[in-house]
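Below you'll find the structures, each written out as structure tokens.
Here come two complexes built around chain A, the first alongside chain B, the second alongside chain C.
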Partner chain A sequence: MAFSAVLHPAFLLVVLPLKASLSEVLGEPFQLIPEILTVSIQSKLQQVNLQWTVPNLTHQELKMGFQIEISRMNASNIIWVEDYSTTVKRNQVLHWNWKSEIPLECVTHFIRIRAMVDDANYPPQNSWSNWSSWKEVSVQVSVAPNTLLIFPKSKLLEEGSNVTICLLYGQYLYNVSCMLQKEPIHGEQLDSHVSLIKLNNVVFHSHSGTNIYCQAMNATKTPFGTVLFVSKVLEEPKNFSCETQDFKTLKCSWEPGVDTALTWSQQDSQNYTLYESFSGRSELSDHRNSHNWKITEESQETYNFTLTTENNLRKRSVNIIFNLTHRVHLKAPHDVTLETVDAKKANMTWKMHSRGDNYILLCQVELQHETEVIHECNVSVHMSASYLFSDLEPDTEYKARVRCADANHFWKWSDWAQKAFSTPEAAPSQALDVWRQVRSENGSHVVTLFWKPLLKSQANGKIVSYNIVVENQDRPSEAEHYSVQAPALGTQLSLDMCSYKIHITANNSMGVSPESVMALSNDSGHEEVHEKRIKGTKDGFHISWEPLSGDALGYVVDWCAHSRDQHCDLKWKNLGPNTTSTNITSDAFKPGVRYNFRIFEKSVQQNAQLLEKQTGYTQELAPLENPKVIINNFTSNSFILSWPGYDSDFQSAFIEGYRVYLKSKEMQCHPKGKRTSLSDNSVLCEYEIKDPEQKSFTVENLQPESLYEFLVTPYTSAGQGPNETFTKVTTPDENSHMLLKIILPMTLCVLLIVIACYWKSQWVKEKCYPDIPNPYKSSILSLIKSKKNPHLIMNVKDCIPDVLEVINKVEGPKTQCIVSGKPHNEDVSIKPPSSVPTEDGSSGPVPFMFFENFTYDQSAFDSGSHGLNPGPLKDTPGQLGLLTPPDKLLNVLEKDYMKSLAESPTEETSLIYVSQLASPMCGDKDSLVTNSPKPVHCSGYKRQMAVPGRLPSLALSESNSLTSMILLGQGEQ
Partner chain B sequence: MDPQSLRKGPTKPTLVLLCCVGTWLAICCPSFGAPTASMIKTIVELLKLESKELYEDYLKKDAVGVPTDESLQLPCFTLGFEASTNISIIQAYLETAKRLSDNRADTANVTKRLDDIRCSNPPKPSIYEPEDFYARKIFTLTVLKRFSDCMAELKVKDRIC
Partner chain C sequence: MLACLCTVLWHLPAVPALNRTGDPGPGPSIQKTYDLTRYLEHQLRSLAGTYLNYLGPPFNEPDFNPPRLGAETLPRATVNLEVWRSLNDKLRLTQNYEAYSHLLCYLRGLNRQAATAELRRSLAHFCTSLQGLLGSIAGVMAALGYPLPQPLPGTEPAWAPGPAHSDFLQKMDDFWLLKELQTWLWRSAKDFNRLKKKMQPPAASVTLHLEAHGF
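Moving on to the complex of A and B:
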């Protein structure tokens, strides 16, 4: 056994060279057939790794070519053939790999290899060796029924690349559909259980990958899907550069491009590596866009940097080579100082970080004022430098800054180093632009002085005050000094009518400005010139004038707005001596505002004489308001409209006239007017007043007692005033004024009479109707006088009573039974009997007896009927007094009173005389009534009552009634 | 030393008082530091908004075309005694979703808010974590959607537990 073991290798060693030698002898090349050792798979990479060897290799090294075939699904379906050449060493294991575009889980692949010697030391071969046997390449995947498997899983790929998705169906599964981020995707069926979906040019959707989702009928599992990790394409770093500030560190920077990181660590952010080829150093950057490289070799001047960025899918590099001294980025200057030499000069100094005085630096110096660069220059310096700024403005803030760079190899400017400073003040350099306004008031000149503020460049500091020196030309020794504190731009002086010279200067802390001089003559402010109307434009006014004299020192045009709501803000413009026109422009000019211009000529003596007045509008507008109209001389046929207080100067344009609109029912226009219609289609009469100075209008030919409506509105070149509400007037009646003339005096007269009567009522009463008639004034007396009777007055003793009335004391309940009047028990004894007609018509229930006295009733006496009529009267006293004849009255009385007497026999009685009195007629007390039987006006029945003497106090208590009581037995009234 | 004094322990009234105080503390202690009604209302309103934003943001950003998993039954909670338990489960799911989404769904804020309205601290369950990235997306999206739906339906009460 041991022997055979030793023999066998020896035999082979002998036989094999023999075989090779034999082949060479026979002319058949000896075939070196490769032998596949292993075929492995990397699923995630979809890669097949092939390992083989070449047995029987006689040479130590041999250059060989290999051909590898790959077939899919079955051996005959060859999908890939690749030639591979290499130098093969004896017993060497060779490697080759292949990436499948289809996930290897989805389909079986087969691989074989053959070889051919391609070496000059080896006899030439014309053909390949025999193929090795097929090796199956597959990944065992089992798909459960009713499920679906999707491959590849979690594949990482770059945007824009292609990928093939493979679907493995389980049993009973059908109708499979897939979507890529909600978009349906379609594939091709490879066999009954495998289909392929090819995706070309995939795009980046999210850092968490692109979703593929599939669903199928009859599936029992959750939805199927996979995530493709599509990375953005790694970009090449841009603007890669390195520089140094201190020759110790190189700062390299670049623009990194997009971040290609993906979630779940499928791909980290790309890294950046710096490699310097001369030193051979490589450093991984901690930052995405910069890296500080330590300069370790001071002698190294040239650097060759390669910046490489890399992710899982790609690697990119950029390279720069440079000399260190050409990449010097200096630090900003330091120790910057600024020193003002005077109000217009300042000196700046600074220092630089430099490698020594041998290095020349280029520095840029800038001077800024209010963020604007007003001065810039470059200077060559060494480690320290200075620069003098001149022509500066006094009292001004500046900012000076400086930056430097290597003068020999300019790379970059350093950062700026800056310093702010201010120049000191200086005396004002310019005289004030002054003007005045003169008006006469109470025999003196009121002079208002104006001046414009000096520009900052002229003031050279803060103006503190303005000095005014008023010099009397007539009395040169008298000069008055005034000081006006800033920021006032004017003042007012009151001067007498002398000639003056006014000197004005501005002061700041450093000195006084040159003086401005103005002269005032005696007649300043009294100039009378014609005012001319001018037409402005949108931009302003063109003012022209005729020069007064040939030796004018210059002209001044001043103006202000003529507006009610703003004071005159006087503006002026100085013009040269040979000027006769100018354009006045201002942003303050507004349409509809009148501007008044005055042109003055300045003489050599600084006196200003008014040449012209001009007034105008930049743009005329329609009037803004209508005048307030007053109606005068208002008659039935006409009235006068007037608007005296209307200030047309403040209108928004020159008033060219007025229009009077009149509305009436008749719509009959006066011949001077015309019929027109308004926007509301109402028809009315229009009267035009073309003279703007005419401020009244007579409306004539009106109808009495008619309603008229009127409106007065001004008009300008731009239109007429606003359409306001019409004022309504009604013309009066034609006779009303006549009636007024009569009724008013009459009313006054009546009123006077009434007042007089009231005033003298007592007197009238006494005269016309006294309470107790004076028998001496009775009309009876006249009858007696006419009969020549010596007894003028009847004596009571001589009287024979013709009727006696016995008045009983009234018992309350009984009296109430007689009449229905209101009982007053306490007044019973003094009140007239209810049946007797009294002046107030009241009647009482007192029974009484009448004794008729015919002393005053001649007719009754004559007729012999005494007329005793007891009982109540039916009629009112007035009726009785005026209409009833006395005889009838007596009859009535007799009847009723007797009845009353008969009904009360037991009652206490008193006596009452009832006599008929003939009262004097109103207004004529002395005249007597001659026809006594006739009813007499102003006469009445007086009741005369005889009472016992024991009742003296009860007498003449009712003075206002026509009833009087006579005390019997006394013989007196 | 007086031997009587050695025998003196807490008297009867003291014991009764201690007993009452202990009972009172046992009842009331959980309510100390508990959120007020207005706080609960505010937190729940914020949770409604933030859960909706989380879900919509994740769906739009990372889960376009990804379905939810109907089999994943995330519990909802109503404000009541069982709320704490359910909140703990929800918090466990939210924390898992945050981890599985590689922090793309940042649920830390809503998890903290749930902490604020939780009365007790029951143990969190362990959650199954899928390995497949697609399954992780389904899980995260489902958790966020369920939580958002749950919060949308939640009626605010004065008390959680």
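Moving on to the complex of A and C:
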């Protein structure tokens, strides 16, 4: 607009003077007003096609300028002005296109055009012609009420470009919201029924396009939408090149870049076209990244290729120009052969596909051993070539390979051609590294020989065996030969105490290695030297020594790799004659393990003499365990702790001493000790033993009957042993041993007395307290006898009792006996005749047992009717029932009984007194009632009572257990 | 034991391994068709998920439920329940056959839109299965003596987008095609289940093969 505003007046100023002259030439005013023929629309492309003509053109050709104006919505709103120049022919229909950024369905556009002659051959027109009339550009779209139309219906565009979406609202529609994929998008209202959504820098979402969908209130159809097919930007092909292997085909290749294909028939993958300008040939590639171009013109040497890629939106191309002979990529060599000349040489031959013998090739030859390139060489060759590899290792696998290129115009190496081969074996080239260990056993030398396996480069083949020749120096004629089969790396010989020379060689299939010699003197293995302690580092040990003699042939340092194991795994290191120190390093060295090194000096005679012994740790560690402590001489005031020593090979460091910790309630440390505290804040006494050889410690000044706790732990430079549980010990009582000395004999004495008493108890009993004192045995008898007075011993029958007294009565159990009887009066009655089972032979109840006292019986008879006559016993109320409590019952019974004894009239003349002291045991009663068919309860007592004198024999016959009966009467002793 | 026997006899009509004596009739083929319908339902569930993701939002959103429009040519599966009940066997089968004939044709049209080879393979596999279902329905109809419906001239479904048919509406059509297919398979399962029960012979006329598993 601005441009046209400025240009227009200026142009008029220039043209106006010319107008008059042109009018003069033509004879009339020159007005060529363009006439718009059609204005068509391509909706999908949003494009307006304008066709017009210039009527009244009299010339065949006339160069003209046109100016086209486009306005939007109304004619005055001009949005585009464009000048267009062309040569116009008579009656020619002119075309011009314009692309709208807004879909044409949404807004009406207007277009007009004017012209001006701009031809040098003719006087220029003095000014623009008049404008053509405005032509309306619109797509008739009717939007139904309650619907929404979205334009464009679909659009193909490139990623990163901008697009304007337009919405046409139908009547009654409101509250329209739109989403792009899942994100809301907002537009600007153009008028009441059109709004525009401008999307800038669109991104690729999916091959199936990016959906824009809108929903509206009051809509009859929903959702409304459109799809934007966003294509990725077409990339320029990279690394485009062409080459030939055979001068018949050019293989062109490139990196295609991203695939811009879209589905929904929007866009296929981009295509690739090759165009060669010299031949004018063009070929569409079948592949995305390569194309084979047939060479049809043999004479053509130079090629100019243009590779063009194209999709619906864009076209890109790259160009290369080259000489065919400079783009030769040879095929890999063929017929590769390898021939070994000897163990160290091999010859390789190969052939090339070439255009002729005159064609010179550059070949690269490589020799590989175990994937490592050990030899590389470039050689210039013709069609066939060879190369000799020398300095090879015997018995080794190699891989030889070769590749070639054009020597004149190097483009690319061919592919490799390779062949593997092995060199044959050769005799071992190196003497064995040997060593020995000598020990004396039963007056002979036990020599263990060791040797290290030869390196592959030294063995030159597979070692089959080792030969050992033992030569007695004292008797040179006697040499013994031994053979040890591989892969053994040692052997053991038993030799006498002579001097020997031992020769060791290794054999493979091709020969014998140089020999290794060792000499043994008769004192080998007996050397005694001082052991020195050394300090290692984590990398190993530095060992130095003083040479013994000036003419040493060399030195050997040996050590056990596994000093703690049974299997020592002897290692050694050979050192030169001028060496007096060395570093011994090994991955096998472990912290906390003691290593013992021996340094030998080798003499000219190959004899090795022990120089020094050195021992040390790479890293000393604190002891892992404490010694097992034994307590000796345990007294109330002291005890001695003793413990065994550690095996030096199993020490994790050099033990510098021991610490004894003692805990007690008193916490009074001995002056030798000091108070210290452990990690658990417990305070205790510590005694330090600085001599590692001292393996005992006396703990003194202890309190009797006190608890002490102790711990013995070794200490090293790396720390002390673990804090284990303390051992508890209680000191004994001071007098306890004295008491023991007294009590024990006393106890023994008492025991002896008791045994003796028991042994003589019968005798003592008879002597001291007989069951029935025998008046005739009484000691008093001797007194009587001595006085000669026989009447001192009272005879019972001479006595006339005045009163009978019951001297004992038993209570309690009799109730039970009463209850167990039959509840009939006559049965329960104490009338003996009816109760005695032998009377009628029947089995009446036998609740009581009667034992007659014949002494009284007899006296009764003897005394006539004197004495008490208790008369027949009567029933007592106590015998009436079972419900009466036993004790009460007994009382009643007892009372009645005594009463009856006192009041009963004399009906019988004889009385039998039965002792109630004799209380038969249950077992006894069983024997008494064996004839009774009814069960009889235990009777706990026996009543002493008067029974009729006529039944004594019956009652007596039943009585066989008279445990406490006292018989008073003569003749019964 | 007696209870077991009673249970077995009670469930006899439901035992599919039972063979009727003599001509098996359309029963087995109806059962096969029913099974195939259920299998296709399962297969479609996976295919529809993949394809709707490919269409992108909003078509793959679970709550996207637009009114059915623009897919008028698709056979409609939804029908009034009373109408469905009143359908006779012939009409029921004919409707199924016609629906799947159309749906199969539309489904083949989807293949050209598919971007990935995997999606194309899944679609082709599903089409083959659907073709099998169509053949199975034809078999049932033949067994029952019903003629196959003839395609009316001019009603051959065409999926070519018209000039006014936008790509968005095409996606919508695809969405509806899958949805309608799902509804049809669901309906067919009901249809064939109903037919199956109807064709079930009375329990007394079956012979129990004792080698049936489960005893």
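The definition used in the following text is that the second predicted complex is superposed on the first by the 669 of 973 C-alpha atoms of A that agree within 3 Å, B and C clash if a C-alpha of one lies under 4 Å from a C-alpha of the other, contacts with A are read in each partner's own complex, and residues count from 1 in each chain.
The criterion applied here is as follows: contacts are C-beta pairs under 8 Å (C-beta built on N, C-alpha and C of every residue); 3 or more make two chains touch, one makes a residue touch a chain.
This is a predicted model, so every value here is computed, not measured.
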Using the superposition on chain A, tell me whether chain B and chain C clash or fit. clash
Would you sort A:Lys248 into first (chain B), second (chain C), both or neither based on which partner it touches? neither
Looking at A:His287 after the superposition, I want to know if it touches chain B, chain C, both of them or none. Which is it: first, second, both, neither? neither
Would you check which partner chain A:Met179 touches, where first means chain B only, second means chain C only, and both and neither mean what they say? both
Could you say whether A:Lys690 touches chain B, chain C, both of them, or neither, answering first, second, both or neither? neither
By the touch definition at the top of the document, which applies to A:Ser208: first (chain B), second (chain C), both, or neither? both
Hey, which part of chain C ends up inside chain B in the overlay, 63-71, 81-89 or 207-215? 63-71
Find the residues of chain A that appear in the contact set with chain B and again in the contact set with chain C. 153-154, 179, 181-182, 205-209, 211-213, 222-223, 225-227, 263-265
Chain A contacts chain C in the complex at 150, 153-154, 179, 181-182, 205-213, 221-227, 229, 263-265
Could you pull out which chain C residues touch chain A in their complex? 54-59, 66-67, 69, 112-115, 166-168, 170-172
Chain A-touching residues of chain B, taken from the complex the two chains share: 61-67, 69, 71, 101-102, 104, 132-134, 136-138
Within their complex, state which residues of chain A touch chain B. 153-154, 179-183, 205-209, 211-213, 222-223, 225-227, 263-265
